[in-house]
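Order as written gives the chain letters A, B, C and D; numbering starts at 1 within each chain.
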Amino acid sequence: MNDIVQEQDTGFYTEDMTISVGPQHPSTHGVLRFVVKTDGEVIGEAIPDVGYLHRSIEKIGEKVTWHGYVPYTDRADYLAAMFANQVFCMAAEKLSGTPVTRRGEFCRVIACELNRLASHLISVGTFGQDIGAMTPFVHALRERETINNLMEEICGARLTYNYIRIGGVGYDILPETCARIAAFLDHFEPIVEEFNRLLSENKIFIERLAGVSVISKEDALQYNLVGPNLRGSGLKWDIRRDIPYSVYPELEFEIPVGTGHIGTVGDSFDRYWVRIRELQESCKIIRQCLKMLPAGPAISKVPRKFKPPAGECYVRVEAPRGDMGFYVISDGSEYPYRVRIRTGSYTAMSIIDKLSKGIMLADLIVLIGSLDVDAPEIDR
Amino acid sequence: MGVVSYITDVRDTVKSVFEGLSITFSHLVRRPMTIQYPDKIPIPIQETLPRRYRGILEVDLDICTGCLACERVCPITCITIGIDMDKETKQRQFTHFDIDICKCMYCGLCSEVCPTGAIRHSQEFEGASYNPAGLVRHFAPEPSALYKPKKGGETDPTLVVKVDIGQKYLDEFATPDGGTVADEK
Amino acid sequence: MQAYLDQLMRDGAFAGMPKEVVYTLGMLLAAFIVLSVFVAPLAGVTSWLERRVWARMQSRVGPNRVGPQGILQWLADGIKNLLKEDIIPAAADSKLFSLAPYIVFMGFLCSFVVIPFGGQLIVADLNIGILYLLAVTSLVVVGILMAGWASNNKWSLLGGMRSAAQIVSYEIPAGLSVLMIVFLAGTLTMQGIIQGQGWAPWDWYLFHNPFTFAGFFLYFTAALAEGNRTPFDIPEAESELVAGYVTEYSGMRFLFFFFAEWGNLYVIGAVATTLFLGGWQVPPLGIFENSPLLLALAQFTTFFLKAYLWVFVAMWIRATLPRVRVDQLMSMCWKYMVPLSFICLLGTVAFMFVPADLQRIVSAAMFGLGVAITVIFFLRVSFQIRQAKPELYFKPHI
Amino acid sequence: MEPAEIFSRLEKQFSGKVSDFKGDVPEPYFLAESEAIVEICRFLRDDADLKFEVLSDQTAVDWPKEEKIQLVYHLYSYTCRHQTVFKVNLPRDNPKIGTVEDIWKVANWFEREIFDLFGVIFEGHSDLRRILLPEDWEGFPLRKDYIEQEEYDGISTQRAPLVEKLLR
C-alpha cells in the first residue's frame, strides 16, 4: 500500500492503491490474479499471479500410458481440447513412426477447425462481455452450443473430447453428421456477419479497442506471442501454412493479419479482428475437408501396448491461442519420460506486465480479453 | 479535432447504435434457442443425446468376462475389480466391481477395450448425490460368477439379448472400421 | 392533494384536528399508497420485464417459473433478499453504510411527488416542478458516494467516484435539454408543460422543431447516464469493478439500490413523456365528457404506456451496447453532448421567433421524419431477420 | 539453414563450447556449455544468417541416473524459417546457469517455471520466484525423485481412494 508516497508542496500526499484483481474477478477468464497498483483509474503496474489452476499435467504425463495420456491433454486447454489431443498424438506418431490414415487426417482437420470455431466464439463473445455488451456473448455461445452438439455426435463429448488418438481418430465421422456440419456452416457464416454488425462495427466498441495496448512486432517476438496475437501485430505467420502438418498443405485458406485499418497495427482491435476473420477461414477449411473427405479407415492399427522407441521430438500445431508445442521424450517404456506443454497463453500472459503500465483499469480488462488468455492453458 | 471528424464521430455512433438496436429487436421476434430444461419437453433429455454420447458408465455384469482390460486401461484408476475363487463351485467370481463416478473423466477408453461390450457409457449424465459414497457405483453387490463366452454362440435366451446389446454397442460406438480395438480381438 | 384535504376539512371531516396534523397524515398516506401500490410493483415488474426482454434478445427464454410467464419472479426475489443475511463488513463505516441505500432510495422516491399521471393525478403540482425533480434526483449521487466510501472496499470506492463524476457531468446536458422545453412552455410546473402540448403527436414538443427533436435524444442519453444505465453503467461495471458501489451490500440493502435503479428508469421515461411526448394528453372524445373517472383512467393509461415505452427502450439499449470507458464518458459529455445541447437550446430560442404558420409546417415535417425513421427501422429489422437465416434446430422436439 | 550448418557455424565461433551434434534424430540437437550460454544465445539471435528472434520453448528434463538436469532450448527464426535445439547439462545437486532474459524477454517466465518445477537457479534473473506453485511449496515436482508433501497448510494433498475408503 505504501509503495509510492508522493509528498507534495501543499503537504497533501497521495499514495498508490493496491487492488487485487481476481482470482474471482468476473472478467479474468478463469482464475487469474493481478496485483494492480493504481493511481485512481490509471494503472501503475499490474503483476500477473498465475498458478491457481495448476493441475500438474506434465507430471501426470510421466505416470500414465501413452494412450491414457490423451484424455489428460484435453484438460490442458479445455476450450480447445482437440488441438492438445492432436499435438500429443502427432508427437507419439513422430516418435514411433505410426502412419495416420488419410481419412483420419481429414477427420482431425474437421474436428480441429470446428473446435477452433468454438474457441474463437468464446474468445470474441467474452471479449464483448468484458466490454459490457451482453448480447453478443450469448449469441456467440448459442452458436458454440450448436458446435458442441456436433462434437457430441462426432465423438460423444462436448468439451473434453479424447477424439484424436494415436494413428488417427477415435470414431469416424458419419455421413449424416457431415451433412449437419455443412448445414451449420451455411447457417453460421451470415451469423458472423450479423455479429460484426452488432458488435465489431459498433462505435463504442471500436473506441474501446482501437489504439489500446498496442503490441509492436518486436515486442511480439521478444515475448514470443503466437497465433492471433502475433498475427494481430502484423506478422503473417501461421503454422498451418509455414510448418505444414496434417493435410493443411492441400487446403486453401487465407491467413488474416492485423492491418490497423481502424487504429494502429497491433492494437486490441487488430487481435480481435484476426479472430473474427479466422472464423470465416475455418468455415472455408471445413467446407473443403467435407468435400475432399476420402473413404477408408479412420485409424491405423496401433498396438494397445504402445511403446515408441527412445527419442524425443518437439511438435507444434496452430491452436486457437497460437503455437501449441509438445516436447515429448520417450525412453522406450510404456510411459512417456517427459512431456512438456508449451502454450500460447503462457507467453501472452507474460507481456501483460509490460503493457499495463499507464493504461486505465478498464483497458486492462480489454487487454486481457484481446490477448485471449485462458487460465487452464497458462497453468496446465 | 476537426469539424469533419466531429461530425463523422456523431454520425457513426448514431448509425451503429441504430444498426445494433435493429439486430437486438429482430431477435425479440425470433425463437429462443435455449431449451426448457427439464420438464417442458415431451421426451427425457437423455433420449435426445446421440448414441455416441459418453455419459455415466454402466456395466452389464452378466456378460462381463472379467478380463480386467478396462481396469488396466483406465488412466485415472476409477475402476476397481475384485475376482476370487468361489470355494464351493470352484469358479472364479466377482467380489466387487466398483466405478468411482467422481473420478471418472468419461474418456471412453474402457468401453472401447471391452471384448463383449459389457462396460459402456449410458446416456445418463445427472450424477447429483448427497454424499461422495453415492457416486461410487457398485455393480457387484454380492459375489457373482464371471461370464464365459460359449463357442458357437450364446444359447441362454436372456443372455442372448444382453450379448447382442453389447455387441451392437461395440459396433456402433467403438470405431466402425479398424482401430485400437480391432488388432487384439 | 392539498385542495382535496381542504375540501374534506370544510365538509367537517377530521373535526378538532389541527390543520398541520391533517396535512402530515394525508401526505404520509399518499406516500404509502404511492410506494406500496405503485412504485414497488412497478420496480419489481420492470426487473422481471428487463430480464425477459433481455433474454429474448439473447435467444434465451428468461425467468418463466414463478407465476404465469414468471411474472411473479420479482416477488420471489424480493422475499429471498428480505430473508438474506444483512452483512455489514467489519471494516466498513457501519452508520454511513446502512444509511446509503435509504438516501439513494429517497432520492428516487421523492421524484414521484411531481410526476403527473393524469390531469388530477399528481401528488403536488409544485410551481417549480421540473426544477425540484432535477434537484431530488441529484440526491442519488450522495447516496452512491456514501455507499462507495463507507464500504471500505476499493472497488466500491472506484465505483462511487466514477458515479459522482458521471452524474454531476451529465446533469448539464440533461438540464440544458429540460431548459429548452421550459423556454417553450414558459412554465416550470409539470402540468403546465403538459398543457402546453396537444394530444396529437405533431403538437408534442418532440416534433416542435428540429432542435427539440435532437434535444430529446440528448436528454434521454443524459438521463441514462444519470441513471447509471448501459452504455454508461461504469459505476457498477461488473466486468471491471465487480459490482462497483454495491460490491459489499447484501440482502435488503442491496435490493434497495436495484429498486431505485429500476424505479429510476420509470422516472426517466415519465420525465421524457412529460417534457417531450405530450404527457397524459388524450384526444377529446365524447365519452370522456361526462365521466371524469374514465378520463382519469385514460389519461393514466396514456401516460403510463408512453413512459413505459422508454423503459423498454432503456432495456433494449442495455441489451445492445457495450460500455464506454471512464475518460470516453467524460469526453462524450463535455465535447459532444454539452455543445450539442447548447446548440439545441439556442436553436430552440431562435425558433421561437419563427412565424406561427412556418412553425406548424416544421412540426408536420418533423413528425414525418419521425415516422420515416420508424419505418426505416422496421425495414432494417426485417432485413436482419432475412439476412441471418432462422436458427438451426438439430433437435426439433426440444 | 540446416541444423548441421548452424552447428558448424557455432563451432567456428565458440570452439569447445558446443559439442555432440546429433543429426540423425527428428530434431537434431547439440550440447552447449553452461558458462557460455548467454554469448551463444546472443550470437544466435544477432547473427545475420541465423536470426533466431524467438525462443519457442525453454524447458528442463531431469535425468537422475546420469546425475544431470538438462535444459532444452528450442529456437525458431521467422525470417530464415529454421529452427535449432540445444541442450545444456547441469549438475543435479546445484544447478546454476546464466539467464537469457535479456536476449528474449519471454525467457523470464520460462525460467521462472523451470526454477519452480526443477529448482534450477538462473543467475541474474530479475524476478526469480515460484510461478505456478505457491511460494511456500516444498520441493521441485518435476524432478524424478520428487516426493509430494503429505499436507499443505493443513490440507491433505492426497485424495483418499474413495472406493476403498467408503465401502470396503
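For this structure, a couple of remarks:
One rule holds for everything that comes next: contacts are C-beta pairs under 8 Å (C-beta built on N, C-alpha and C of every residue); 3 or more make two chains touch, one makes a residue touch a chain.
Predicted, not measured: the structure shown is a model, and the values here were computed from it.
The chain with its Cα centroid farthest from the Cα centroid of chain B is C. Across the two candidate interfaces, A-B and A-D, the one carrying more C-beta contacts is A-B.
Rounded to whole angstrom units, the spacing between the C-alpha centres of chain A and chain B is 26.
Annotation: 24 Å between the Cα-based centres of chain A and chain D.
Computed centre separation for the pair chain C/chain D is 62 angstrom, with centres defined by C-alpha atoms. Our note on geometry: chain B versus chain D, Cα centroid distance of 40 Å, whole angstroms. Shared interface positions of chain C, defined as residues touching 2 or more other chains, are 57-60, 319-321, 384, 391, 395.
For chain B, the set of residues that touch two or more other chains comprises 9, 17, 19-20, 23-24, 27, 33.
Contact residues of chain D toward chain A in the complex are 25-27, 53-57, 59, 61-62, 72, 74, 78, 81, 85, 104-106, 108-109, 113, 117, 130-134, 141-142, 144. Chain contact summary for the complex, chain A toward chain B: residues 64-65, 67-72, 74, 101, 135, 139, 142, 145, 152-157, 160, 162, 165, 167-168, 170-172, 194, 197-199, 201-204, 296-304. By the touch criterion given at the top, residues 17, 19, 25-27, 40-41, 128-135, 138-139, 142, 146, 149-150, 180, 183-184, 186-187, 190-191, 193-194, 197-199, 202, 204-205, 207-208, 360-363, 365 of chain A touch chain C in their complex.
Of all the residues in chain B, the ones that touch chain A in their complex are 9, 12-13, 15-17, 19-20, 23-24, 27, 33, 49-50, 52-54, 73-75, 105-109, 112-113, 121, 173-180, 182-184. Those residues of chain C that touch chain A in the shared complex are 54, 57-60, 154-155, 158, 161-162, 230-231, 233-234, 237-242, 318-328, 384, 387-389, 391-392, 394-395.
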